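Shared between the two complexes below is chain A, which has chain B as its partner in the first and chain C in the second.
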Partner chain A sequence: MNRLLMLAPVLTVAALLGPVVAGLVGVLRPALFPVTDGPASLAALHGLLEWPGLGPAVRLSVVTGLAATLLSLAIVIGLVAGWSGTRAFRAASRVLSPLLSMPHAAAAFGLAFLIAPSGWVVRAVAPLAGLDRPPDLPIPGDAGGLALIAGLVAKEVPFLLLMTLAALPQANAEGARTLSATLGYGRMTGWIKTVLPQVYAQIRLPVYVVLAYSMSVVDVAMILGPNTPPPLAVQIVRWMADPALGQRNLAAAGSLLQLALVVGAIGAWRLVELAVAAWGRGWASGGRRGQRDGALRFLALGVAALPALAAGGGLAVLALWSVAGYWAFPMLLPADFTATSWMRHAGGLAGAAGNTALIALAATGVALLLTLGCLEAEHRRRRPITAAGLRLLYLPLLVPQIAFLPGLQVLLLHAGADRGAVPVIAAHLVFVLPYVLLSLGDPWRAWDDRFATVAASLGARPRSVLLRVRLPMLLRPVLTAAAVGMAVSVGQYLPTLLIGGGRVATLTTEAVALASGADRRAIGVFALAQTAAALVPFTLAIALPAWFWRNRRGLHA
Partner chain B sequence: MPDGLVLRDLTVHLRGRVVVRMDRRVAPGEVLTVMGPSGIGKSTLLAAITGTLAPGFAASGRIVLNDRDVTALPAHLRRIGILFQDDLLFPHLDVAGNLGFGLAPGGTRKDRRRQIDAALAEVGLTGFGGRDPATLSGGQRARVALMRTLLSQPEALLLDEAFSRLDAARRDRTRRMVFDTARLRGLPVLMVTHDPDDAAAAGGAVATLGNPAD
Partner chain C sequence: MTPLLRRLSAILAFGLAALSAQAQPDPPDWTGVLAEARGQTVYWHAWGGSSATNDFIAWLGDLVAERYGVTLEHVKLTDTADAVTRVLAEKQAGVDTDGAVDLIWLNGANFTAMKQRELLFGPFASDLPNHALVAGDDAIAVDFGEPVDGMESPWAKAQFVFMYDSADARPLPSMQAILDWAVAHPGRITYPQPPDFVGVTFLKQALVALVDDPAILARPVSEVDFAAVSAPLWDYLDRLTPVLWRQGRSYPASGPAQFQLLADNEIDLAPSISPGEASAAIADFRLPSTIRTFVPAEGTIGNASFVAIPYNSDAKAGAMVVANALLSPDVQLRAQDPDVLGYGTVLDMDKVPPEVAAAFADQPRGPATLSPAELGTILPEPHASWVAAIEEEWSRRYGVTR
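Take a look at the complex of A and B:
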């Protein structure tokens, strides 16, 4: 038992880094040695440079990534600076938090159904504008990637907001707000000058995660991004799927380029951070109070409401399409409702839902065991996680999936281990594990250690303290962490597609596969099912402890 | 004849620096009160005795309990009970569950239930077994916490500001109950407190930390 526990941190590091390192090696080989056992050659890189779409693809990746990150960060800072500590802020955070569990693909489909030429927004204004046909606009899929940026912002604002909320107590935001107000500072200026520097230091890694993710995302880009050419990451997936083997080398070279782009972008972001910080120190001590921020505050609140509206409206329109009978433009609602779409896809839905649940349960179960092992080992050794350990957790989230998953696929292929669900579960674990650990770490460490002292003084051995005292008391955060893990797994597209070799169908892969077609009813069915798969665990994580501890007031939040 | 709790030159170091040192014997049924300003290492001393020192701290010297050297034993084998200023009743268990947690394992379910009921009766809480601890008053919770500790049959009792959260009337009653029970069972008691009234009520020796002569 004890030895097993001490193994947990080692196993965790192996589960996190093993696939990333192996995948990067697996990408380097075909990129630099295009001919098996042949000499090193830059042919693959040359081939990549000769691809005519390279310039636009790279530009799309960089521009959408930077724009989505900058916008998301600005919206979060505006909302928190203008409103933290108010009732409106609590309401806004409550609305935005559940969006976090909505899978990226479902949110992207919902947004597409809202902003498309025949979408809800245009339908709403059609009578006023005198439209009887959808306007001829390339949305979504505009060449500039604006729809893609909007879709990313809608999903990344809730993520950054949650990370910021977690960082606020440590920055003593309430005290700083009172202090700066008594010194005559406006709400926003006061917050940005006193709290933001501390908060940003804590959300820096999540910001980098958003940047790396937004630059290299595949599923959202396939739904909302342009097609000719697509962003680099999508093109790499196309090359991977090409039966011509030479394209694999091209894909590998593309993966390396994508990795370099992300590393370069994070480096550039860091430099800008330093410059802004240097400028900000002068600005903060300049004494300007910024007292008239009323309009700006309401602007910030309004902009922050957009992601919630997009997700809520998107979900509604997805639900409508899934049960729509006849629904012509510019009718706001379908003429009749039918369960035909659900019945037609029932078979595919059931199979995909089963795979989704199996993979999510397995990956989350393993992640939870490793997480509990790590945290308990930390508790017994009484040695808290170091800053380096925390950075290690973020590493799989910072290396773009498209940079190492193709290499991992090739390695598994060579090893003949590319069959079945187990490799897919292991690949999901790489992304589920960091989120489970990050989610459970804080409440686990916030637990009052004196309960352990009391239990031990009553004769309880360490295992008994864990199983009979700590786990029951922390049931709610444990289940929440499990729900986070399930939601992360449900939303995974690339690991399922590449490591499953296209043979493992989940709700996400099925939904994204529909992106190129025009069957809105099928998309509605699968995107809704995907959202439900991510939301049900969260509902259980709230309901189960509430029911279980219904007669235990001390455990109510 | 057991000789109680003996701290033989018990010294706690932090990175080579001495944090706290004590060389005392607490006879069965007696109370040693440890006083001193905050941050002087009173809680660290208790952690050394229970075997739950935080990382970085190291203890030297011996802790001998009724002729049994417990210095190297893990916390759960020392048989040293502790009460904190918070009652720390387990919020997920009912009152009877908390007492059952303290009660040594073994015996039939009926037998255990009888012991728990007797313990509740002893502190005037008959019929409280099924209650959620969060619904009890501060004084009632303190009594349950005491009985939970006593049911584990400790050979010594540590008190870490155990009465400071109670209002004046309850403090006096609870204090008397704890000291009387400890005397009755012959438990050596080491009490850490800020409150001179606690020391007066204990009536035993007082060790003041922060005094180089100690």
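Take a look at the complex of A and C:
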């Protein structure tokens, strides 16, 4: 038991870094030394530079990534600075947190159905504007990537908000607010001057995750992004799929470029951080109180409500399409309702849902075991995780998926181990594990050690302290971490597609495959099922502890 | 690959080969094929963007399970090239048995690529019992200029048509008339973004209609002056693109993606490569009932859809059973039903029993489907090598909007 426990951190690092490093090696090789005949060395990179779409594709990747991150961060800071500690704030966070579990693809489909020229928003105003045809507007898929940015912001605001909420207690936000209010500072100015510097230090890595993700996302970009040309990451997937082998090298070279772009963007972001901090020190000590922030506060609240509205409206319109009979523009509601779409997809839905559940349960189960092992080992050795360890944990989330998954696929293929669910589960584990560790770490460490001391003095060994005292008391955070892990697994598109060799169909891969056919009824069915698959574990994480501890009032914290 | 990895994968491959000693069926021995197929699972890689085709394949799966004990798994692709890449990558990695793909729905460039790289099992097609019923025409013997040679088996026929909304447009007699109409009605016509199959077929249709001498298109593109021959096509597109839907800054992702645009009244005219597809889409609400189809008087190109078996499949017998089942009259009749797929049959009505021929003749065509007489002359596809050349030039000229 003890030795096994001590192995947990090693296994965790191997599960996290092995695939990433192997994948990067696999990508590096064909990028620099192409596998086809012809001039060796940097031929693939030359080919990449000759692609006429390279400039716009790179610009899209960088601009949408930076804009989505900046906007998401600004919305979260505005909301927390203007409203933390109020009832409105608690209500807003309750509305926004379920959005976290909504898969990216489902949220993107919902948004697309809302804002397209034939979508709900235009239908609502069509009678007033006298439209009988949808306007010829390039939405979604506008060349500037605005729709893509909107879709990313809708998903990243809940993520950054939750990370910020987790960081607030350590920053003593309440005390700082009272103090700054006493000194006459406005709510927002006071929070930004006193709390933000501490909080930002803690959410810096999540911000980088958002930046790396937004720059290299594939599924959301396929649904909401432009196509002439698409962002770099989508083009890499297209090259991967081309029957001409030379394109494979192009894809590898593109992956390297994508990696360099993300590294460069994070570096640039860090430089701007330093500059803002230098300027901010002067601003903070300048003494401006910023008391008249009423309008700004309400603006912040209004803007923060947009992601929730978009997701809620998107879900509603997805649900309508899934039961729609004939539904032409500009009818606000379908002419008739039918269960045909659900019945015709029932078979495929059941198979995909089964695969989704199997992979999510397996990946989350392994992730939970490793996480508990790491945390318990840390507890018994009395050596908390170091900053370097934390950075390691974030690495798989910072390296773009498109940069290492193609290489990993090729390596697995060579090893003959690219078949079935097991490699897919291992690939999902790379992304599930960090989230499980991050969401369980804080509540685990916050547990009062004196319970262990009391139990030990009653004769309990460390093992029964863990199994009979600590785990039962921490059941809710453990289940919540599991739900986070399942939601992450459900939403994975590229790892399932590339590592599964197309044979492992999940709700997400089915939904994105249907996107090319633009059958809104089928998309509605699969996107709803996908959302349900992510939401059910969260509901269980809330309901199960309440039921288990129905006669233990002290555990209803 | 390191020597250790290479050795490991060799050992693994050997082990797999030993496990599956029956990996090479003998196509002429059909009884043997049937016996071997029982219990096999066939992974059919086929485009998965259309609910109608997905339903049809699921129905076929039930049928072959019941009749032959073959389990059919539909691997839903977003692009057929994914499956070709997959087999190619496996061959390069030395995975010569138990490949991921057992059957591919393909034709044209993908078939040529696989045949020339020796990625296919066969010849097997003419050994299928139902092959005796198949029509012997050119569209089935030659796939985009590449001789089929029994390396793929046909299952559906397609011919290029235009779908139009009869509430807003009329049939047009020529490609030139279509351009004139588009200029008069900007933003009301589009085509799927190449390399999508339907989009490329639209470009080929325009090319065939616009070149002075279409016969030159039967030759491989490397033998002709591509720039000179294709110049009329680019002139045409230069004038068409500014009046396309979204001014040509955005294109639908696929053929069926155009249905949504027609249904929302975003466009009035769009290409299709299946004469019966529109009727099928009207039947399940995806298209308004006012949609009809037409072919320009100059005629349109036609081709067939095939299935092929990769060389490294471990379920070749099962795959052959599926390919044969696809050719059985009841399956062909169902595929042609406008409420199901509306795909043209590949069977020769003179070779099937009279009652079967009668059933095909009696089948209602659906409101938007033209009769064989109205569909008119089928023009031959350009040689397969034109596809890549056209795609490349298109993406250079229009793939990056400025």
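Here, the second predicted complex is superposed on the first by the 551 of 557 C-alpha atoms of A that agree within 3 Å, B and C clash if a C-alpha of one lies under 4 Å from a C-alpha of the other, contacts with A are read in each partner's own complex, and residues count from 1 in each chain.
FYI, a residue touches a chain if its C-beta (ideal position, glycine included) is under 8 Å from a C-beta of that chain, and two chains touch if they have at least 3 such contacts.
Note that the structure is a prediction, hence the values are computed from the model and not measured.
Asks: With the two complexes overlaid on their shared chain, look at chain A and say whether chain B and chain C clash or fit.
Replies: fit
Asks: By residue count, which of the two partners contacts chain A more extensively, chain B or chain C?
Replies: Per-residue touch count on chain A favours C.
Asks: Is A:47 touching the first partner chain B, the second partner chain C, both, or neither of them?
Replies: In the superposed model, A:47 contacts neither chain B nor chain C.
Asks: Determine, under the contact definition given at the top, whether A:415 touches first (chain B), second (chain C), both, or neither.
Replies: In the superposition, A:415 contacts chain C only.
Asks: Touch test for A:469: chain B only (first), chain C only (second), both, or neither?
Replies: first
Asks: Classify the contacts of A:280 with the two partner chains as first (chain B alone), second (chain C alone), both, or neither.
Replies: A:280: touches no partner chain.
Asks: In the overlaid three-chain picture, which partner chain does A:457 touch, first (chain B) or second (chain C), both, or neither?
Replies: The answer is first: A:457 touches chain B but not chain C.
Asks: If you stack the two complexes on chain A, which partner ends up touching A:549: first (chain B), second (chain C), both, or neither?
Replies: In the superposed model, A:549 contacts chain B only, not chain C.
Asks: Between chain B (first) and chain C (second), which does A:290 come into contact with in this model arrangement: first, second, both, or neither?
Replies: neither
Asks: Using the superposed model, determine the angle chain B, chain A, chain C defined by their C-alpha centres, to the nearest 10 degrees.
Replies: Result: 140 degrees at the vertex chain A.
Asks: Could you state the shortest Cα distance, in Å, between chain B and chain C after the structures are superposed?
Replies: When the complexes share the chain A frame, the smallest chain B-chain C C-alpha distance is 44 Å.
Asks: Can you give me the overlap between the chain B contact set and the chain C contact set on chain A?
Replies: Touching chain B and chain C on chain A: no residues.
Asks: Under the touch definition given earlier, write down the residues of chain C that touch chain A in their complex.
Replies: Listed in rising order, the residues are 1, 5-6, 8-9, 12-13, 16, 43, 45, 48-51, 54-55, 58, 73, 75-79, 81-86, 88-90, 92-95, 98, 100, 109-110, 113-114, 187, 193, 245-247, 249-254, 256-257, 259-260, 263-266, 284-286, 288, 388, 395-396, 398-401.
Asks: Show which residues of chain B lie in contact with chain A when the two form their complex.
Replies: 47, 50-52, 54-55, 74-82, 84, 86, 88-92, 94, 101-102, 104, 132-135, 148-149, 152, 154, 158
Asks: What part of chain A is in contact with chain C in the complex they form?
Replies: Touching chain C from chain A are residues 35, 52-53, 56, 117-118, 132-134, 136, 138, 141, 143, 226-229, 240-245, 248, 324-329, 340, 344-345, 347-348, 410, 413-416, 418-419, 501-503, 505, 510, 512-522.
Asks: Show me the residue ranges of chain A that touch chain B in the complex, using the header's touch definition.
Replies: 381-383, 448-462, 468-469, 472-473, 475, 549, 551-555
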